[in-house]
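Common to both upcoming complexes is chain A, partnered first by chain B, then by chain C.
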Partner chain A sequence: MSAVWDYLFGSPAFLIFGTYTLMMIVGLGILLHLQLGVTGIGNFGVAGFWGAGLYTFGIMQVTYDVGFWLALLAATAAGGVLGLITGWVIADLDDDGVLAATLAVATIVLLAIESEKDITGGRVGLGTIDFPFDIGDRTDLAWLAILFGVTGVLLWYARRVHRSPYGRLLIATGTNEPLARSLRKPVKRTKVGVMALTSAGMGALGGLYGPIVHFLFPTQLTVAITVSVITALVLGGQQRPLGAFVGAVLTVGLFDIAIKLYVPLPKDLLEHAFPVTKQIIFGALLIFVLLFRPLGILGGMRRERHVKGLSRV
Partner chain B sequence: MSEGNGSTPGGRATIRISGLTKSFGDQTVVNIDKLVLGAKPVEGLIGPNGAGKTTLMRLIMRSTHADTGAVVLEDGSSEVMLSKLAPHRIASLGVVKTNQVTQDFAGLTIWDSLLLAAAQRRDERPHRIYRERHVVETYGEEIQGYLDVFEFSEPGGFAHSAGEKKLLDLIRCLLLEPKILLLDEPTAGLSEEVTTQVIKMLRTKVAEGMSVIIVEHDLDVIWGFSDIVHFMAEGDVILEGDPDYIRAHSTVVEKYLGSGHV
Partner chain C sequence: MFEASGVWCGYDDIDVIKGLDFSVGEEVFAILGANGAGKTTLLSAIAGLLPLTAGRIRFGGQTISGIAPWRIAALGIGLVPQERGVFPDLTVMDNLRVGGLVAKGARGDRIDEIMELFPALADLRNQRAGTLSGGETKMVAAGRALMQDAKLLLMDEPTAGLSPLYVENFFDRIREIHETKQVAIIITEQNATKALEVADRAMVLSLGEAMTIVDAEDLTTDQLRKGYKI
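So, the complex of A and B:
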């Protein structure tokens, strides 16, 4: 029994960090699900909204010595304001325009962080950021529990949105804007609103990631984060609240936790070839899913089920 | 331009159009100096293909933007310039249009689609995630009433045929409780029996105060349903009058009906 325990949890710090990443991808995936899977907004700049929150949190804590809650609030607001502005810009663009514009937003955030060295530390980095509490060896685990809780709340909210008139409005906006407008639905306001709300969530997740890494670098905000989130969501099922979870377990869970922890790969291979191979596999997986199961493992929404349950709502 | 019955706004909301033009390239599709719609309970809009009927409706709803001119909604003592409003604001003011080409929401079932139409802005806020019960309780009976009248093969699922989608489009619009309903070929693709049901339903709504402006190629519907008919040709309304006057008019016979139709 002890051997099994050691095998599974022999590297608790690595396991915990891997699970942090997993939870972060799931949380971002749930928010992207509301944008892309429900409202049809293809956000290719997830890293930018998340990074805006992460760096705002770091700057507030390190540079201005602001307390945790205020810094987290600022991180949420930073993501929300960026989402609001982006939503307003992309509301009238077509799908290709939205992808390009959101990618541009992420690039602008990254370049701003790299160039504004006085505030962000540039490529030298910004730190250190500590957990808001210290309970010794169990601090990491407690923070993981908090991340589980936050992800759980996001999942609960996404599931409730599907069963609400608001969710119906988002689906209508995502599938037929002119028809939604003709039914007196304010399509532009709806898109701006959902972008602001979900980007605020991404900013908050960024803030919560700060204490995990302690030190912030621009390299943490590359497009790899966005690709991981999109891969997880598309693989799991972009139209289903649980899609991001299923996809993240099969990608981040498998590659960043299971293989790294339990498959005895040579260190050199693990450090150099593995990350590149992982990205290649992610890309191939995306193409495979889009070709053969476009709605992902979990498939499309189950609106008939919801309608059958209306009498019990 | 105007012959026969002139339109005199009474208690009903009316749409006043002035100097409205729309061109696509070199071709002028709509060119109307003055026109009032909605003064009578049911007004037919007929004319040959390419006369500009659908474009006129789209200009009123601002799903297409006019080159020049104004569209004003007169409702009692208030006047609102529709040609400056967004489409969803126009619908909020009670001017609603069905679609000539079948339109639907790919991800929404029939019930979803109807609840969406019925729900108010206050029900659709991001924080009101427990509002479904209220919406179902408030509008469920009305929706069920429509579904009892119009038969769908799978009321709990999705609309399948073009006819079902056409009906769904009409019911969605009726759930908005419009003051003026613009119907663009509402019975196209529907059986005779369903067409009769649709007209019966519309008559009930008209009796309750709704005005109808209808574009329809089934002229039996126009002659039997309309109080006044506007005849359009080459982008302008060139003739107005009661159905008997219009169907016997030489211009209409020559440009549209053909001599064997009267």
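So, the complex of A and C:
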């Protein structure tokens, strides 16, 4: 029994860090679900909105010595404002245009962080960011519990949106925008609003990631984050709130936790070939799912669950 | 109630509607014409989905040309498009609810009224609209537009592609909507015979121009043939 325990939890630091990554991908995936799976906004710049929050948090904490809550608020605002501007720009674009524009936003964020060395530290990095509390050995675990809680709140919110009149409007916009334009609600404002709100959430998640890594580097904001989130969501089911969770467990959970911790790969292979191989497999998986099961493992929306009868309108 | 004067509109540099003048009162007004006559383009322009290049459209004493489609919808103009008239991932009930999203009054009562008008929808209320048959889809589309508190309903070829039984039933419903809910209706149709049975007046549209506007019962076969270029 003890041997099994040691095998499973013998490297708690790695396990906790892997679970941090898992929770981060799940959280971002739930927010992307609201953008892509519900409202039909194909955001290919998740890393940019998340990174804007991460770096805003870091700059506030390190450069301006601002407290945790204010820094987190600034990170949320940074993601939200970036989402608001991006939403306004992409609201009238077609699907291809939205993908290109959001990828461009993420690239601009990355280049700005790399070039504005005085503020961001450039490629040298920005640190140190500490946890807002210290309870000794259990600090990591406590932070993980907080991330679980945040992810749970996001999941609860996404499920609530599905059941609400606002959610119906988002789904209407996502599935038939030309018709939605003839409804009594402005489609453009709706899209801008959902983009701002969900991007603010991505910014907040970025802020919460700061204390985990302690040091911020531009390499943390590459397109790999976006690919991981999209792969998880599409594999699990982009139209379902739980889709990101199922997909993330099967992708990030497998690669960043199970294989890294429990498969005895040579260190050199683990550090160099493994991350690249992971991205290749994610890309192939994405293509495979889109070709053969475009609605993912969980399938399409189950709207009928939200319809209780004629009296409840 | 509704007035279009000197309306020009189209796509890119091509004018599809060329200087139309007509008005619609509390009635069923049929717009007849062959493929390419400009019927769908005209309804899109009235709903605000297509900008006018010239002219003016007024509704309820207010100029509506140039304002956003959702504001036009809020004024009481409901559109039932020929194709893609429902939200496929939403259930029938959700389609109706999203139509009545911000309408005043009791949405529950209005949904009951829609179900009375289209009884077949009651059994389908939990079904995804994307899985419905053509006729059922048209009913949901019309119901959704009615949920918007529509005072003027724009119906673009509502019976296109339906079986004869559905067509008969659907035209009965159109007349019923007009009479029981006091909703004015502009309906475009290729099926002139059926449309004229329910319409009070009709306009024959040919290549974007009004060939004739007369009481439905006075429309002659010759006028129709000229419009349809037969």
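Rule of thumb we're sticking to: the second predicted complex is superposed on the first by the 307 of 313 C-alpha atoms of A that agree within 3 Å, B and C clash if a C-alpha of one lies under 4 Å from a C-alpha of the other, contacts with A are read in each partner's own complex, and residues count from 1 in each chain.
To be clear about the criterion, a contact is a pair of C-beta atoms (placed from the backbone, for glycine too) under 8 Å apart; a residue touches a chain by one contact, two chains touch by 3 or more.
Note that the structure is a prediction, hence the values are computed from the model and not measured.
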Consider chain A as the common anchor and indicate whether chain B and chain C clash or fit when overlaid. clash
Pick one for A:Arg184: touches chain B only (first), chain C only (second), both, or neither. both
Touch test for A:Leu291: chain B only (first), chain C only (second), both, or neither? neither
Could you tell me if A:Arg168 is touching chain B, chain C, both of them or neither one (first, second, both, neither)? both
Touch test for A:Val263: chain B only (first), chain C only (second), both, or neither? neither
Is A:Ala13 in contact with chain B, with chain C, with both, or with neither (first, second, both, neither)? neither
Now for A:Asn176: first (chain B), second (chain C), both, or neither, which partner does it touch? both
In chain A, both chain B and chain C touch residues 165, 168-169, 171-172, 174-176, 178-187, 239, 300-301, 303-304, 306-307, 310-311, 313
If you look only at chain B, which of its residues touch chain A in the complex? 61, 63, 86-89, 91-92, 96-97, 99, 103-112, 115-117, 119, 121, 123-126, 128-133, 135-136, 140, 156-158, 172, 176
Looking at the complex, which residues from chain C come into contact with chain A? 47-49, 68-70, 73-74, 78-79, 81, 84-91, 93-94, 97-103, 107-108, 111-112, 115, 122, 125-128, 148
Residues of chain A that touch chain C when the two form their complex: 165, 168-169, 171-172, 174-176, 178-187, 239, 300-301, 303-304, 306-307, 310-311, 313
Partner chain B, residues of chain A touching it in the complex: 157, 160-161, 163-166, 168-169, 171-172, 174-176, 178-188, 193-194, 197, 239, 300-301, 303-304, 306-308, 310-311, 313
